[in-house]
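In what comes next, chain A is part of two complexes: it sits with chain B in the first one and with chain C in the second one.
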Partner chain A sequence: MIRLIPRTQFGFWATAFPLILALSITVVVGFLVMVAMSEQPLSDTWTLLTFPWQARTASVQWGFVLQKSSYLAIMAVGLSIGYRANVWNIGAEGQFAFGSILAFGAYVLFGMPDTVWFLPVMLLFGVLGGVAWALIPAALRVWANTNELLTSLMLVYVAANVLNYVTTGPWKGDPKAGQAESDPIHESLRIASIIERTDFHWGVIISAGAILVLACVVLFTTFGYSLRVAQNTPRAQKFAGFSPQMTVWMSFVLSGATAGLAGAIFLSAETGKLIQSENYLNGLGFTAIVIAFLGRLHPIGIVAAALLISYVNVGATYVQSASQVDDSVAELVQVTALFAVLGTAFLSRYRVVFGRPDLSTEGAA
Partner chain B sequence: MSDLVIQILAASMLLATPLLLAAIGELVVEKSGVINLGVEGMMLIGGLAGFIALYQLQTSTCTMLIGDVCFTAENSVNQFQYIGSLVVAALVGAMAAALFGFLTQYFRANHIAAGLGLTVLGAGLSNSLGGNFFGVDYTAAIVASVPPLFPENWSEVPVLGPLLFSQNLLVPFSFLMLVAVWFFLNRTRAGLVVRAVGENHHSAYALGYPVILVRMMTIMFGGAMAGLAGAFIVIAQIAPKWTEGITVGKGWLALALILFATWRPGRVLLGAYLFGIVLALEPRLKAIFSNMSLEISYFLTALPYIVPVVVLVLISRNPVMIRRNAPASLGQSFEPRS
Partner chain C sequence: MTSLLSLERITKAYPGVLANDAVDFAVERGEIHALLGENGAGKSTLMKVLSGLTKPDSGQIVWKGDEIAITSPQASKALGIGMVHQHFALFDGMSVGENIALGLGSQLDATQRDRIIEMSEKYGLPLDPDALVFTLSAGEKQRIEIVRALLGEPELLILDEPTSVLTPQEADALFATLRLLKEEGRGLVFISHKLNEVRALCERATILRGGKVVATCVPAGKTAEEIAEMMIGTRPVPAAKGAQNLGETTLSVRDLVTSDISIPHLAVRQGEIVGVAGVAGNGQEALYAYLAGEELAPSASAVRLNGVDAGRFGPSERRALGAAFVPEERLGHAAVPDFSLIDNTLLSNLGTDGFQKRGLINWRVVREHAVEVCDGYDVRHAGVTGRAGSLSGGNLQKFIVGRELIKHPEVLIVNQPTWGVDMGSATNIRDQLKALAESGSAVLVISQDLDELFDLADTLCVLNHGHLSESRETREWTAETLGVAMTGNAQGQAAA
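Up next, the complex of A and B:
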């Protein structure tokens, strides 16, 4: 008989054991997926795990990984703030889109300036766009008691339509392009690469700085503490004098700001123009939700998870081009990891005991 | 003009049915105290499974197969093949839900995280399998339309024809399930157990009811219904066709419907048809006012997602109503006290 006994002591292993187990499950299941999808699973798995050194230029591959993980990590850290307090913003994709839209809007509004000094303004407007879009579900939650999870998600589809509207309407660019898109922004406003010819650009550094600030807020401030209280004992939050309304506002402002910043950096660094939603939004905002849970809502865990998942993602793309293994292998590994982490999380709160109940020692517990 | 009204009503029945099916399933799940946010994912997986099954059934009975296309004279699927594919869709949906059930019930994972994970899994898996499943690219596969339930000439009967006789099998089935679920929850002993588990799992456990087992069963029922809803969207709503992310948020609309309905079957029906009419109006309004401005045109496209937000706001303004109707243990993991 298998029984679960609540832990009374939370040592190092209570945290480490579930994570090691989850990682092992992911590796085993991931390899099985590879066996199912590939003709030479061993060599393809090896390629996937060591792809930066397989490719001609390792720095380019590392650039891809860093760039992708920076978007995921910053959005996930923002989202995790709310998730800690049971405030569910799952509309980061929409806030990302609106950040991009407002960043481009600022560019148009200020007469398309051709100077690098305008870049901070664009990023600021990106942040504002994300915040503005996130404030809608927050306001509805606080003032009308509406389920923020559903409203924030519905607004993703609305934001996608706004993006489609601006790219076919007021900011329509080249009509001969195969897709609805705006004119490109000036070259001076494109975030520069730090290492030549790689995707490792200053946006990654900006994101890392923002993550550091947010991590300090979550881990070392009274506000961060109030979130932890709300997470573990929602009722104690009120007794301790922390306002639940304030938690909702702050969660949405911070998660909207990070998503908006990511959207503005994406606009400046990747595309340089707005494109219709199908080709512009590629699910980063939804992947960020997975990353937040994979990192167990802790900033350090989230950064690690973002790097790991991006590594597998970029690796899968590389393997796809090298040996025709579909790159959805990455998505399956990602979901396996998520389910493994969620499914083993209870081990940090419970001990698994085999055998019959021993009343003499445990009966009192 | 009345032609147009009937047209819109018939179209809204088509659009409301998947919402109704998925919402009925999720209603039972939530009544047992579980919140499964993976409806969208289960719809996608179930829908693809149903489509694959129908394609395989069609090609297995095809006498003149050239490449991937069936060139038999009648080139059609029959009602039995359709029902077979629906069964497959329901089973696969239930299997996807069982995964969620194991994680949340036995491994005590967070309901919301696991549900979102199921949505991500459903989207990812259906995208990759739809593009290549044992060598067949289902985005390009051609499947004949499902024949109507009643003889073809019945659909020319005024009013009743388009509304009743030309509908798909799943439309009457959705009404039947609605009544069955209402009866089950409110008039049977087993339904009372489900509600007891949802209201207070500790009391239900103390009375000797198998909380985890009851929840596993409702979760799998919800998955089966979501699978059917997905199969309806893929196979019956227009013509059988698989495209990536074909449900475009219908699963989330179904979840919104339950809040709108405050967990009452009758209001689920009302809400589903309200959303159905909104969805049906959009293309028709665009066709009538073909010279409308771009702003209004995009506003109309976004309307099916704006209306639920507005409706939810109106409903939730009265917190007492939500609190009185919401299952008290909704979304909490059951941890037996030892």
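Up next, the complex of A and C:
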């Protein structure tokens, strides 16, 4: 018989044990998935785990991992702020798109300046675009008591269609291109790589800086504290003197800002132009939700989860090209990890005790 | 003749605590037997044994001369043991009859309805089977619970703190019912903290302390002080009320009228403790919320703090004016259960000097402050990093009150300062409140416990149907006049 006893103290093990267990489950299930999908599971698993060293240049592979994880981490940290306070913005994908659109819009508006000094302005407009798009569900929640899960999600599809509109309408570029796209921005506004011929660019550093600032806000300020109070007990929030409305506004502003920043960086660093939504939006905003929960809503956990999942993702792409194992293996690992982390989370609050069934455990008088 | 029920040497251990230590307890037919003890003395564990919720580690249960084992709540009910719990288990949206039928696991049909009416008339428990539960008073809800228990034809009826939510008049009616049940030859176990009730009602009393039986006595033959001494081990020091040097009015409410409350006038002066009496659910929560700033008053001048119109201020701004607040609900309002004591210390100290440095929380200072609160106010805990939810009710309340008292607030507003708290902690908390007032602070105590108010308050007023009565000096009130003010509805309707 298995019993659960609430923990009274939260030490290092209360946090570490469930994570180690979740990681072990993910590794075991991930290997079983590989056995099912691959003809030589052992060598393919080895390739997946060590792909940067198997590839011709390790730095290129690491560049992919860092670049991808930076987008996921910055958006996930932003989302986690609201999630800590039970404010559910699941529309980061839309705020990402709107960040890109407004960044490009600023470029057009200011007469397509050809100087690197305009880059900060573009990024700023990206942030503003994300915030503006996020403020819609926030306002609906505060003023009309609308469920923000629904509104923020639906606005993703609205933003995708706005993107389709601008790339086929006002900002339509080369009509001979195989897809609807805008003209490219000037080369001077493209974020440069730090290491030549890799995707490790200055946008990764900008994201890291933003994550650091947000982590400090969440962990060390009264605002971060108010989020933790709000998550646990709304009435205690009022007792302390925090405004529940302000929590909603701030959650959306910060998560919108991070998604918008990611969108602007993406525009500048990866594509250099707006493209129709099917080919521009690749689900980073949705994966970020998974990353936020994989990281248990903690900034450090989120960065670790983003790196881990990006590593597996890039690795799966590599394995696919090397030995015909479908890269959907990465998604399966990601989902397994999510289930394992959520399924073991209760262990940080309860101790498992094996022993004789005993009716009396609930209430020591 | 054998006893109806006799428990012999019942022992039950939980990790780290011996909840029952060789407890002997017997109930005769036709007897009301009081079970007394502080919170944590082992009463609940003993009742869980009787209701089949837990099995004792050792000891015997003898029912009408036969040794038996009670393996489940169903088995307990089948034997003829009925329970009336302190907290009602009723569905608000359903009718009285439906609730009763649900509890008995049957449908509400004509015979069921007749039995309910018959039972309620026979025992003086007037009930309308078709009334919806949410429209009823606490006393009426309790009648549902009692009728539900009686329909199971129990030979032994256990009542856990049945009078804690009743007005004096409702309690008197309950006692009449209980005496009737006794005369029919049933055995009754009466659990209460109110010693005067026990002395008036019960033939015998068994007193538990620290899991052991310390005495069995005839309560009418003892004074309340003697019984209290047996319960808590040391004689509670009677409060010496010093001559009052009342200063200026630092908290005042004037013409605060909203949809849920109506307060023409209320004033608390420096050095004064003002008590607000009233039966639960008569606007205490709203009064607290408007005073603490959790709800904003319609106009700024409705609430004045230290000479400033504060009606439109939130809790933080009111704290900055020297006010401090202790809400009724310990877990989930005054404290976050999953937070450590350190985290919880910050909850009401966001504006306190030194707790923040350049926008960042100074956790070292918060931690030191948490330790000071625990040391200074006798909070027994396993470490300030431990969860607040793991503290006992009494210790958590001492922490929550201490967290405010350590700031030495000029105005303190307390809702139910000792609700569900053991007697030792309650005495401690009341002494602290008196000391605060004596040092010149204004204290407002909202409470349902009249004994507490008579002990603490210099001035008393009554909240009834959201309407606050005029204040009068405490010695001008009696339990009877208060009871009438708490249940009368002339003013209440004017307020509504």
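As a working rule, the second predicted complex is superposed on the first by the 357 of 365 C-alpha atoms of A that agree within 3 Å, B and C clash if a C-alpha of one lies under 4 Å from a C-alpha of the other, contacts with A are read in each partner's own complex, and residues count from 1 in each chain.
Please note the rule applied: a contact is a pair of C-beta atoms (placed from the backbone, for glycine too) under 8 Å apart; a residue touches a chain by one contact, two chains touch by 3 or more.
Remember, predicted model here, so these are calculated numbers, not experimental data.
**Student:** Would you sort A:150 into first (chain B), second (chain C), both or neither based on which partner it touches?
**Tutor:** It touches chain B, and chain C stays clear.
**Student:** Does chain B (first) or chain C (second) touch A:109, or do both, or does neither?
**Tutor:** The answer is neither, since A:109 touches no partner chain.
**Student:** For A:343, is the partner it touches chain B (first), chain C (second), both, or none of the two (neither)?
**Tutor:** First partner only, chain B.
**Student:** Once the structures are superposed on A, label A:42 by its partner contacts, choosing first (chain B), second (chain C), both or neither.
**Tutor:** In the superposition, A:42 touches no partner, neither chain B nor chain C.
**Student:** Is it chain B or chain C that touches the larger share of residues in chain A?
**Tutor:** B
**Student:** Which chain A residues contact chain B in one complex and chain C in the other?
**Tutor:** 365
**Student:** Spell out the residues on chain A that touch chain B in their complex, using ranges where they run on.
**Tutor:** By the definition above, chain A touches chain B via 3, 5, 88, 90, 140, 144-147, 149-151, 153-155, 157-158, 161-162, 164-165, 168-169, 286-287, 289-290, 293, 326, 328, 331-332, 334-335, 338-339, 342-346, 365.
**Student:** Within their complex, state which residues of chain B touch chain A.
**Tutor:** It is residues 37, 99, 102-103, 107-110, 112-114, 116-117, 120-121, 124-125, 127-128, 131-132, 248-249, 252, 255-256, 259, 294-295, 298-299, 301-302, 305-306, 308-309, 312-313, 316-317, 319, 322, 338 of chain B that touch chain A.
**Student:** Give the list of chain C residues in touch with chain A in this complex.
**Tutor:** 12, 14-17, 19, 40-45, 48, 53-55, 292-294, 314-317, 319, 325, 327, 329, 332-340, 343, 346-348, 350, 356, 359-361, 382-383, 385-387, 389-390
**Student:** Which residues of chain A touch chain C in their complex?
**Tutor:** 6-10, 216, 220-222, 225, 228-229, 232-233, 235-236, 238-241, 243, 349, 359-360, 363-365
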